[in-house]
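Take a look at these structures.
You will see chain A twice below: alongside chain B first, and alongside chain C after that.
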Partner chain A sequence: MRYPESGMVDDEALALEKLGVKGWGRLEHFKLCYAGGWGRGPQKPLSPRSYNALIRSLSVIQPPATAHPSVFLTDAGFLELAWKDENGKAVQIEFGSRESEVYDEGRGIEMAVPNENLPDLLKTLF
Partner chain B sequence: MSSFPIPKLDCLPTRISPCPIVEAVLEIRFITEVPWMLIPGLLSTLISDKYPKTVDLPLSQMPDAIRREEPHLVYQPLIQFVGDPFTIQLGPRMLSLVSNKEYPGWTPIFEQLKWLLQHVKTAGFIAEGERIGLRYIDFFQMDLFQKLTLRVNSDGQSVEGAEMNLTTTFVQEGFLSKLIIANNALVKTQGRANKGSVFDLDIALNAGDFDLFENGLDRFQKAHQINKEVFFGLLRPEFLASLNPEYA
Partner chain C sequence: MVPPEEDIARAICSNHWDAENNLISGSLFKGSGTSVSRLAVTPLPDTWDLFRQNVESPPERILMRIGTINVGELQEIGRKYLTSITEITVEPRPEPGYESHAEIPQKITRGLSNEIIKALNVHIEAGSSTS
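Moving on to the complex of A and B:
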């Protein structure tokens, strides 16, 4: 039994649905253990805005059923979502604190998008 | 998230008497790249004139490595800067301005917040705001559930006399609102323990919905407005009238 923090149950349910238990677990781990400084070098803490951008994007993204998106934390403190499309080509989205970078190898897309515009773009792409 | 219908009053009181507010907390959660051991010093040098007394809280004795990985401890304060009539609380991921003596009114709190934010910006330890929250805790020496427009029913009849603790979270004008109403509270005032009800309302915004040093103060103003709308909207009109409301 788990009681998420007030107001967070929809976000966690979304992460579980789109990322699976493993992906959800990694997100929770990043939130808890990487919000301070981490690593031996100049790694930055997890950006709350990056987390927010990821969650908002999860509500519109529909990766292929076989994609199993993976979630990573970059040295800049930004979350990154990655999966392979139906043709095995890489799709990566790095969620920055103010803008995000979208890379779709299969369609030759590589662009930076302000976070407020990201959900609309992702809805059309994925 | 579903809506929570709250009666909208044409006019909100500026004051009620006696004032039921036992605590008002304006909280900022943040991430930082500065080690915790440096943060208190960065802030205290800027605020020591108004907040001369520093108190280490019991949680500060817990090893950092343990405290950081306990979810319920992450946003707890480790140190207090004591002034009059406010206290500033500071932790590795949070900062709050607390009014826990006689409530001075919104304007003095807001002015103090403005002053504090200027110094926090100068101190430079906040990399990014994570959450802002405005929490007011009111105490009434009665069963408050009988005085609210919010009714608890069972089998079509109003529940009365039972010990109740209600917690609900809803979105009000884009702000996440967490409301706790309990009629089994004990509050210590003037050395005595008084039994009654608490109305505990926390209005918050998460990251992405505010920019602390750009519009943080505006967002706190709006949160205060919403807090008032929810609080006064949930009081039954006759109960509000008994609280000697004053209007601008």
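Moving on to the complex of A and C:
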């Protein structure tokens, strides 16, 4: 898999800073092991556009200091970032290839947003 | 249609499970055609091996947990989710060697998926050393 818009070293440093060692490790695992076919059903390979959307978003968001963001990979091949807010409510962002989904349980937000508008939205929310 | 008295199981694999944070991905039930297994056909102790044979795909996708829920409770959650009220059904979709296979055909939103996850009974395999 190639990540043409990313500077790999900078990306990894950013992921390590914002996600911590465990979150960074899961992201690397998904990059290394899920870029091809995986699963026995309709699972799709990790989307490079999803990866790029996550990296761009990491540069603008700052999860609470007590949060330990989790990284998941959906069956559609999209990365998902999740943590609990200070009230224990779910915050989740699923990075799609063209648009992403933002879910903030505490604020009652569940919306899709084009990836080009995602950083601006996330800046206002997190 | 699977009756509301039955319980169903959903595989929770490594891509959907963060052991460090003890957190399940909110996408676990999201979308349409979500695959589940009927515990009335295959009891929970046997579902571990069933999922390993039909869901797990090592080395990437490892079965970590099994989530179970009563069908009637699942349907009630769908009816009470006011943001997007959903009449959930569970439809039998038996396959060769996987007679207990069933699907939730309705489109489940992320918010509703999160509500379902809250109600899940999450099981760890007896004798498992995984955290």
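The rule is simple: the second predicted complex is superposed on the first by the 120 of 126 C-alpha atoms of A that agree within 3 Å, B and C clash if a C-alpha of one lies under 4 Å from a C-alpha of the other, contacts with A are read in each partner's own complex, and residues count from 1 in each chain.
In this text, a residue touches a chain if its C-beta (ideal position, glycine included) is under 8 Å from a C-beta of that chain, and two chains touch if they have at least 3 such contacts.
Bear in mind that the values here come from a model prediction, so they are computed numbers and not experimental data.
Participant: On chain A, do chain B and chain C fit together or clash when superposed?
Facilitator: These partners fit in the superposed model.
Participant: Answer with first, second, both or neither: which of chain B and chain C does A:C33 touch in the superposed model?
Facilitator: both
Participant: On the A-aligned overlay, A:S97 touches which partner chain: chain B = first, chain C = second, or both, or neither?
Facilitator: First partner only.
Participant: With both complexes superposed on chain A, which partner does A:V60 reach: first (chain B), second (chain C), both or neither?
Facilitator: Neither partner.
Participant: Looking at A:L125 after the superposition, I want to know if it touches chain B, chain C, both of them or none. Which is it: first, second, both, neither?
Facilitator: Neither chain B nor chain C is touched by A:L125.
Participant: Touching A:L16, do we find chain B (first), chain C (second), both, or neither?
Facilitator: It touches nothing on chain B or chain C.
Participant: Treating the CA centre of chain A as the corner point, state the angle out to chain B and chain C, nearest 10°.
Facilitator: 120
Participant: Which one hits more chain A residues, chain B or chain C?
Facilitator: So, of the two partners, C touches more residues of chain A.
Participant: With the two structures laid over each other on chain A, which partner does A:E80 touch: chain B (first), chain C (second), both, or neither?
Facilitator: The answer is second: A:E80 touches chain C but not chain B.
Participant: Please state the minimum Cα-Cα separation between chain B and chain C in the superposed model, rounded to the nearest whole Å.
Facilitator: It is 10 Å, taken between the nearest C-alpha atoms.
Participant: Once the two structures are superposed, pull the chain A residues common to the chain B and chain C interfaces.
Facilitator: 33
Participant: Looking at the complex, which residues from chain A come into contact with chain C?
Facilitator: The touching residues are 22, 26, 30, 33-34, 38-41, 43, 68, 70-76, 80, 82, 90, 92, 94, 101, 103, 105, 110.
Participant: Per the contact definition, I'd like the list of chain B residues that touch chain A in the complex.
Facilitator: 1, 31-33, 35, 68-69, 71, 74, 92-93, 127-131, 167, 169, 176, 178, 204, 206-209
Participant: Spell out the residues on chain C that touch chain A in their complex, using ranges where they run on.
Facilitator: Within the complex, chain C touches chain A at residues 15-16, 18, 20-21, 23, 25-27, 30-31, 35, 54-57, 59-61, 83, 109-111, 114.
Participant: Give the list of chain A residues in touch with chain B in this complex.
Facilitator: 6-7, 10, 32-33, 35-37, 44-49, 51-53, 56, 77, 97, 115
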